[in-house]
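Scrolling down, you'll hit the structures one after another.
Both complexes below contain chain A, partnered by chain B and then by chain C.
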Partner chain A sequence: MTRTRRPGISRRSTLALMGAGAMTVAAPWVARAQAKTIKIGMPTILSGRVAQLGTSSRNAVMLEVEKVNAAGGLAGRQIEMVIRDSKGQPQEAARVARELVNTDGCELLIDAEASSGAFAVHEVARDLGVFCIHTNSETSALTADPKQHIPNAFRTARQGVHDSIVGGSYAAAIAKAKGLKKWATCSPDYAYGRDTTAEFTLYLKRFAPDVEIISESWPKLFQPDYTEVVTKILQAKPQALYSCLWGGDLTSYIDQANIYAMFGQMEVFAVNMADYTALTVVKNLPKGIHSGNRYIKTFPGTPENAAWGDAYKAKYNEYPTNWSWENATAVMLMAEAAKKANSADGKKLAEALAGLTIKCPFGADGTVTMRAEDHTLVGYAIGWGTTIPQEPYVPEVKAGDWKTIFELEAEWKKSKGYT
Partner chain B sequence: MDLDALAGCLSSSACLVTQTTSGLIIGMLLFLVAVGLTLIFGVLKVVNFSHGAFYMFGAYFAMTAYQLTGSFALAMLCGAAGTAILGLIFERVFMSRVYGADVLMQLLVCYAFVLIFDDVVRIIWGPEFRSMGMPAAFQVMPLFIAGGVVPPYYLLLIGVALAAAVVLGIGLSRSRIGKVIRAAAHNPGMVSALGINTGLIYGGVFALGGMLAGLAGALAAPVRSLTPGMGFSVLIESFIVTVIGGMGSILGALIGALLLGLIRSFGSLGFPLFTEGLMYLFMVIVLVSKPTGLFGKEAA
Partner chain C sequence: MTELEAGRAETLVPGRGVTTVWERYRDILIALIAFAVLASLPLFTGSKALLDFVIRCSAYGLFATSLNLLVGYTGLTSFGHGMFFGLGAYSFGLIMQRLGVPIPIAFVATLAITAVVAAVIGAICVRLKEIYFAFVTLAFQMLIHSTILSWASFTGGDQGLRGGIPRPVFLGVDLSNHIHLYVASCALLILGLLAMRQIAQSPFGYTLRMIRDNAARASFLGIDVWRAKLTIFVLAALFASMGGMVMALFVSGAYPEFAYWTISGEGIFINMLGGVSTFLGPMVGTVLLLLLNDTVTRFTEYHGIVLGIVILFFALGLRKGLLDFVAEWFAHRREAGEGR
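Now for the complex of A and B:
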């Protein structure tokens, strides 16, 4: 008896189909890689207390993507952004990132999450092998810790340790010049506040060894009233105060400290003051608060940077934030890497991006570099200056010295056991 | 713990004055919010979980009025009057429908409005934080009393809140309306049988409670940043105040709020890492030793 082949699908072709199906499910970006447009997924925070920062990230990305598309796209492919809200929750950020790749067919990711979410998205990138740029997480360990290193992930945000080195050396110079020995600190009581304050005081004491911290205050994040903290600091009578409060907390603090005339009694170093979100909101900005630069269109004082800030304001009717320049830089780097690789393929982009230097309005010398060894951005404009109550708010910013930053960063990495 | 700092402060008149006024302003603002909460509970027998929203609206109304007119007095007036009207509408249209319902239902309605009011603020004023700014009249050097630092604005703030407390206390105990309100709290059936419109009284009490919270928000607006959801943390602290002072007692709210303010200002010196904890610890002690609160009446 001969077996006749029944019409329909044979076992072999079924297996082949299933195999192909499994491939598509497992690696959809490979299957869709030949599509004409390229989808870039972007999880970010569009609701809740820090929604303003997420929105400013989206705005900056769209501003740059329009330019790239007008110039022909990523290696000839038009970019389509798929932007989703993570509500600032790490597990949601990871879920959204996974969904963007697996369901929406995004071939590249721009991860515009705060630090908590960024580490979660980083694990997704590790798992799926998809190209990913972290744009907002400033936590140094994300790229400094070799355990975190993967070939397909990068960071275009400033780095906490860079900030602390520059802030510490700037503050120490002033401390020495004015004889400021007794310092107080006042920072929000969570990981960012604690770590940043510790790193700042570490470098402050390193550059000015006779500085002494005589009072520490740790108000809760989003605390409405700081009166008891303000009066406590007044009692301690320090010569200088460091704070990494930010946003609405910082403006509340300033308003409440103002009526106690605190700013006349000590030098104040508030690293997050010089951001337009705080500068434009606070009504009675005291003169002479020392702050690190976040985004300010007068630093670097180049026509390119001013033009970028104005273009953003013209389009969105508000000034860019710290997160804006970090996201814009990501798109600029991707565009240049695609040109160099002549491809929008994630793997080739990653190869081209490592070690790439591009012209950029936010560069300290007009360029920024994606450092090859740890995939993090270096050479960006970083500095400190003092405030005035009206535009340009921080008329002169003293630039940090990247040579010193590199030296101390290497030392810091060694002390952490990273190298 | 830093008991040396606390002892050092208690023995220095400068520190004592500064920390006491700092405790007073925290306490008096809290009192304005908590007294509305306790009043509404005392008369209407509902726990108004959306009370923080009135504090928030008071602040936003004041900011807008100040930006439009530049007058601080008008800003305070708008903050208080605006929230009074809002309270009246909220009570008549929504809360009055759930008086007979169980606590869970009332809680759900209030919680729904916490979210709705936050979103309304987000739609009207935007999701970003805002700042009203200190009026020029108060941008002066602080006063130095016995070496302690006292900002003039805070003197005004304490004065206004204290005046509200006195007017409220005397009004409720001496005036005819006060008597009717107390009667309605005690036996609403009898009051309405006497031909008095209890609905109007309920609405009025709710409006009064909203107005006091709105006034607190308006007074806080020049020194605290304005965000959607800003009422929430104030609400939690107000609950602690009413639990300590006793639900329904105005004197209890005053004493509870002042105690809490002083715990914060002196606690931050002696127990910098446990200031919040102290507040709750104090509440637990009161609850264990006198479950009705310091000035609460035993349930009949």
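Now for the complex of A and C:
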């Protein structure tokens, strides 16, 4: 019998040994290459009623991250996004944020949560000391209240009080020109609706003192039927109506009010109208509704903004939302801060980010600034205009004046006891 | 008591009547071992996610087990048990934020507040049976939830309690330290479970089972059914409130979602998953649900579909909770072994 298998090391073992050897030698290189990527965690709402907004946040972030990665990454490290659903529940948002940092090894957070979820993630950032940018919460207190302030958290969303100042002054100018004295309000019955309406009427009366609120309606959030609200307003016969209904609530309200030909009988100011999610869904968009800008690619009317809106549409086959520009701005700011600090370390980023001004398609003058004193975004495009039923929907937007905003915001902060 | 349930009670408490020292202290011993194992976990693993998981299990486990005292032991299917979870979180958070008292005092004060509220709500609800009881508890839950939302100057409205819950050091325990919070949560969980176990195994616990099986008979035997139901309603509320406090400490805040009906729904779902006829069923259900939730949300945002399929599997496939299934399987095997 011939033995084909000779004693000693077989070919297979040799290969295996060689492979193992190669792995040992290469391991540090592989590890180093992996350490070069930086993970950014992002809790957001991807299921439930506002999933569309969460998805648009993710889309915008991915669009910008691709650009940053193509340009070499965050201080030379490629960005890897870890995006997870919080279902819009604050306890889940807190859990997911902790998991992203503690288990998935995310070094930075983009918090794309709304209202209470943002405050829950804020507490996680306070606990863990991780760098965090809030991108969707417009609640002024998140950055205005000094009790909330921590050195590692920022906000790139618009702020409620800015909106109210610009809206109030814009509406007051029209009220004076057209003699609109009797006003009604109709806003959703929760903190955002109540606060925003109160602030809007505060500034409206400040600029046009003879305005009088003759009727208030507070439909429930996500209410399907607005008949009683519409008839109540029609009976009060106001000359103008203010509403901060948003999303699906606003579109069903308009569809139902159209049946009563409401929009021919009064001037309507709906701050959340000029967002593609509302503009493109309403069946018969009435002409001449006054609205604040959310995201619209014609304002600011620069080629950069139009190009950004078109690039987003080309990639995702839908227009960006208010949350999209806010999230895109977060990535742009991080990229510039990393350049300035020449590092992707959270602490160094935070230092570089405070007070940083960058070129940005969503800036009122082509730039936006992360204000150093309260870590919130200022100088973004903010204005009001009137609607037309087809694209570009809001052809002319009158820009708000940031000097006035700063003055009144400082006053407002004082009145709240924040400064 | 039906024959099936009588058999079940026997498997739960083997050889009642002949009480040895071992049997008397068995629960306490198990509790001590469980606590020792849980508390020594941080020595073996540096995984903060695991510790977070156990903290959340403590919060939901206390809540779900207390719900089982009502559903499984007394036959009161409460759809509004989550209100006490939210009440605990809010009372504790508000007391710590506004009064700045030491944590143990806030803890006891929260339990006192919960007891009063539960006594008032319970006095109205426990007179009712079945679906009426379920819906009136649900109505009270929505009342508390709406109060939290509209009383914005006090509760922060839909933004919740903001600014974090201060956690001053007491007796050397610093709850802002992750490990300390973890051990404290485990201790609360074990103490809570042990106390609930004692309630369930006491003569009062057996009174509750009798009320569940035949309230008229209990009444004829001279038991004040209303008082017994009210007592367990308040006791269960206290443990749910403890769960709420653990959750408030974990997220360092309190949010209206804690008092929303979905929390009660999750409690019912946990009981369905784990089983209501064994004491630890809800605890098993808690671990299952949180594990499912955490793993599924890592991979897909369509977690609703996955969880729905799991519910269907338990409802249509097993027709009972997991621990019920296991317990019955063991009983079946033992019977087969004895050649019955």
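Everything that follows uses one rule, which is that the second predicted complex is superposed on the first by the 385 of 419 C-alpha atoms of A that agree within 3 Å, B and C clash if a C-alpha of one lies under 4 Å from a C-alpha of the other, contacts with A are read in each partner's own complex, and residues count from 1 in each chain.
Note that in this section a contact is a pair of C-beta atoms (placed from the backbone, for glycine too) under 8 Å apart; a residue touches a chain by one contact, two chains touch by 3 or more.
Please read all numbers here as calculations on a predicted model, not as lab measurements.
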| item | value |
| --- | --- |
| First (chain B), second (chain C), both or neither touched by A:Thr357 | neither |
| Partner chain in contact with A:Thr302 - chain B first, chain C second, else both or neither | neither |
| Touching partner for A:Leu234 - first (chain B), second (chain C), both, neither | first |
| Which of chain B and chain C A:Asp85 touches, first, second, both or neither | second |
| Touching partner for A:Trp218 - first (chain B), second (chain C), both, neither | first |
| Touched partner set for A:Lys147, first chain B, second chain C, both or neither | second |
| Set of chain A residues, in rising order, touched by both chain B and chain C | 47, 51 |
| Chain A contact footprint on chain B (complex, rising order) | 5, 9, 15, 18-19, 22-23, 25-26, 29, 127-134, 138-139, 141-142, 149, 151-154, 220, 222-225, 227, 229-230, 233-234, 264-265, 267-269, 272-273, 275-276 |
| Chain B partner contacts - residues on chain A that touch it in the complex | 47, 49, 51-52, 216-218, 220, 222-225, 227-232, 234-235, 247-249, 251-252, 255-256, 258-261, 277, 281-284 |
| Residues of chain A that touch chain C when the two form their complex | 46-47, 51, 84-85, 87, 89-92, 94-96, 98-99, 102-103, 115-116, 119-120, 123, 126-127, 139, 141, 145, 147-148, 189-192, 194 |
| Chain A-touching residues of chain C, taken from the complex the two chains share | 47-49, 52, 56, 149-150, 152, 156-160, 162-164, 176, 247, 250-253, 255-258, 294, 297-298, 301-304 |
